[in-house]
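Both complexes shown next keep chain A, but they swap its partner, so chain B is in the first and chain C is in the second.
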Partner chain A sequence: MKLDPSFIGEALLKLLEALPTTLAITAVSVGCGFLAGTAIALVRVYRVPVLHRLAAAWVTVIRGTPMLVHLLVIYAGLTLIVDTLTGRLGLGWNSARIPMIGFAYLSFSVTASAYCSEIIRSGLLAVDKGQREAAQSLGMTAMQTLRRIIFPQALAASVPNLTNFVIGMLHGSTLAFVVSVVDINAKAEIVASTNWKFFEAYLAAAILFWAMTILLERAGGAIERRINRYHKGGVA
Partner chain B sequence: MGLPFDISYVFSFVPKLASTLLLTLGIVAGSLLSGLLFGLIAALPRLYRIPVLQQASVAYASFFRGTPILIQLFLIYYGLPELLKMAHIDVTRTPVLVFVILTYGLHTGAFVSETIRGAVMAVDRGQVEAAYALGMTGPQAFLRIAAPQALAIAVPVLANQTLALLKDTSLAFTLGVMEMSGKAQSLARITQHFLEAYLALALLYLAVAFILEKLLLAAERRLLRHERPGEAAGRFRLRRGLTLRKLASGLQGGTPS
Partner chain C sequence: MIRLTGIRKSFGKDDVLRGISLEVNKGEVVAIIGPSGSGKTTLLRCINFLERPDAGEIRISDLYVNCSKASKKEIHALRRKTAMVFQQYNLFRHKTALENVMEGLVVVRKMPKDAARERGVRLLEKVGLGDKLDAYPSRLSGGQQQRVGIARALAMEPEVILFDEPTSALDPELVGEVLAVIRQIAEEGITMIIVTHELGFAQDVASRVVFMAGGAIVEEGPPAELFARPKEERTKQFLRRLAPEYSI
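Presenting the complex of A and B:
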């Protein structure tokens, strides 16, 4: 078995077929994770009774267990619950009707919600207390203060963390092979084993991920610069 | 699929999984030690701006931070023997565990090198200049003056990276290593009690992560007992505002694993 450089390009083309799946999983998990994470962060920052303890426990449990375990538990748990329920109610269908990618969406969103909530929480805490006091003294309601004053500053402070988070979710999406979803990683294995060229196939996958990561880093850097234009401080 | 849920299986699975805990912790320890070594080796050329080596170090950190650990595992497991074969070194009899620890070590090393670099850069330049003015040599200035101060900034970030490493080791099963996750999956298949096995696995990871976090915190306090609280972060803020946020990205453990 010799290294075949030309096969890397060939493998790269085949891996591009699986690119939309990887991007879809990343986009869905980042999107849902961001929404759920914002809700969790707000509950914790404003110390909503009872709920803020639950939110803290949720974040601890999710961050204390690997992403793989979330996927395994949700896959096994959800199929068990759905099959038991549909069996009892006699609906005549079972969990096999749920598309496999749905489990990946749900599970990675769960993972993302905990990590994202910590990022947003630290962003919210970074906003000076005087900002909220000033907004309220101008007669803004709590919602207005949040939307006009707190969120823009909190998100601006979180941009570097959020970039890292999106990259983390992109890399995490390779776990989708566990529930038989063919993303770039799974495609690489298929290409590798059908052609018996493992090194070349995984090298192509690594190049693809590396390129996407660099693009995301650049995009994050550009957004950061754009925001910091208004963020200079001083008087002039 | 699977048999009806029975909570008693969760408790019977926990001790069975705990028997593989030592292997998981062994992978973590081996990877952490090699990661610290790789990280330090990779950070030095960038700190002292050594041409060529500096660029190589940037490429190394960028690659291992820019690709998923899962891809890296396969790449090294399949690729390294091929590359070494060209150099006429036969590694086909090397145990899988060596490749696993090497991959995690290289992966951790990339993050460690960035942490070390960031921490050393955060130490005020005047400190090293003062050391030189007192007649210290380069290594003396680094070891006696810069390193202890950098440690105060790096240690909390390194603690977080250790916890991330623990969770990342759950992927070693893909190469057939029977660590905790691999064992849980085979137990689940044999008994057909999937959810119970994975819940037991989650409980164990949670317990280990919790204990490890407490231990790391204690080690952090012991190592940084000469630092006044908040001093390290305060010094960071004085230099430049943006780096504080970059540091926080390490502190908050912003990337999922």
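Presenting the complex of A and C:
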């Protein structure tokens, strides 16, 4: 067997068809994970009664189990629950109507929420308590203080970790093939086996992921530089 | 006018304030001095509820607050009548000098941005930072940051400005510029309570000096009198140790 360099290009073009799927899974899981993670982090940092214990439990359970397991558990569990419910209620449809990518969206958002909450939480903890006191002494409400003073600084402190997190979710999205979603990786698998050129197809997938990762690193770097205008590197 | 009555605060078993009563008249500059751990900073922070007093009453002009059952609304009302200058400046690090001064006006007082900007520029010029409007705090020296902090407090036009050791974190050569600004606004008749270790400065600007020790006010009086002829043994000890030039 020998390498067929021209097929790498050919495969790349085919893989581009699956690019939107990979981007959609990444965007949805990062977006939902960020919103849920922020909520979880706030609940924990502000020690909201009862909820902060639930939030802490959520984080240990989700971080304590692999992303692939989330996907499988949600796939099997949700199917079971939905079919039981629709059957009982006589709704006349079943879980087969749920698009497969929906399971990926949901389960990766679950995964992302736990990891992202820890990133945001560490950002919130990095903000000096004098910042809150200054805002309070001006008469700001707790909400104004959070929105205008604490959160922007927490977010700024979290940028390097958030970039890392987005890259992780991008790469993790390849697991979606387990529920027969054709993302870049699954597409590479198809291209490889139909042409019997595995190495070339996988290399093409690697190149595509690397390119996207470089773009994310660049974007993260640009945001960091903007923030460094006031941060001068490091918080507190 | 500000009247504190029976302010008590303890952290766990530690009684930091054992029933402090203090009256400050409009336009008065009161310096609170005393050894560290005497509760002077805690007292200051109790006035705007950065620390919640366990008991006591606070009256600022027409606002009366019973500390042990103060509502959120009352605490906010109290904070609107006061402003604080912090030992560590506590400027908002993601905002420029001008934005720092405008923040409270726009967000809390709902002042239109243009008017807030105008006031911000005027006050920053007043504290000698007219050329640093767009500088972020990280680009300013400690003395400059503290002067922005003072402008931020002045902007709110409070009934009283609370200074918490405003020069303690500064390099010695920067202390002068901050004290000069405080002295200048003291002369304008703004009511101030200043916790300080700068006895010379206290003597210079304060209309009254309060000496605290062990969570209580030991002695108070006009600076000339208190420094020259302290009545209490505790005060004499403190002055002897801190400022031998005052010792009798």
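In this text, the second predicted complex is superposed on the first by the 231 of 236 C-alpha atoms of A that agree within 3 Å, B and C clash if a C-alpha of one lies under 4 Å from a C-alpha of the other, contacts with A are read in each partner's own complex, and residues count from 1 in each chain.
Here is the rule we use: contacts are C-beta pairs under 8 Å (C-beta built on N, C-alpha and C of every residue); 3 or more make two chains touch, one makes a residue touch a chain.
Note that the structure is predicted; figures quoted are calculated from it, not measured.
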Worksheet item: chain A superposed: clash or fit between chain B and chain C?
Response: fit
Worksheet item: Is A:Q153 touching the first partner chain B, the second partner chain C, both, or neither of them?
Response: second
Worksheet item: Taking the superposition as given, does A:E133 touch the first partner, chain B, the second, chain C, both, or neither?
Response: second
Worksheet, complete the sentence: In degrees, rounded to a multiple of 10, the angle chain B-chain A-chain C between CA centres equals 100
Worksheet item: More chain A residues touched by chain B or by chain C?
Response: B
Worksheet entry | First (chain B), second (chain C), both or neither touched by A:Q144 | second
Worksheet item: Where does A:Y230 make contact in the superposed view: on chain B (first), on chain C (second), on both, or on neither?
Response: second
Worksheet item: Regarding the shared-chain residue A:F7, is it in contact with chain B (first), chain C (second), both, or neither?
Response: neither
Discussion item. Minimum CA distance, chain B versus chain C, superposed model, integer angstrom?
Written reply: 13
Fill in: Touch list for chain C against partner chain A, complex
48, 50, 76, 79-80, 82-84, 86, 88, 90-95, 103-104, 107-108, 136-138, 152, 156
Worksheet item: Tell me, which parts of chain A touch chain C in their complex?
Response: 128, 130-131, 133-141, 144, 148-149, 152-153, 156, 229-232
Worksheet item: Within the complex, which stretch of chain B touches chain A?
Response: 1-2, 4-5, 62-63, 65-72, 74-75, 78-79, 82-83, 86, 167-168, 170-171, 181, 184-185, 188, 194-195, 198-199, 201-202, 205-206, 209-210, 242, 245-246, 248-249, 252-257
Worksheet item: Given the complex with chain B, which residues does chain A contribute to the contact?
Response: 1, 3, 61, 63-69, 72-73, 76-77, 79-80, 83-84, 95, 111-112, 115, 118-119, 122, 157, 160-162, 164-165, 167-172, 174-175, 185, 188-189, 192, 198-199, 202-203, 205-206, 209-210, 213-214, 228
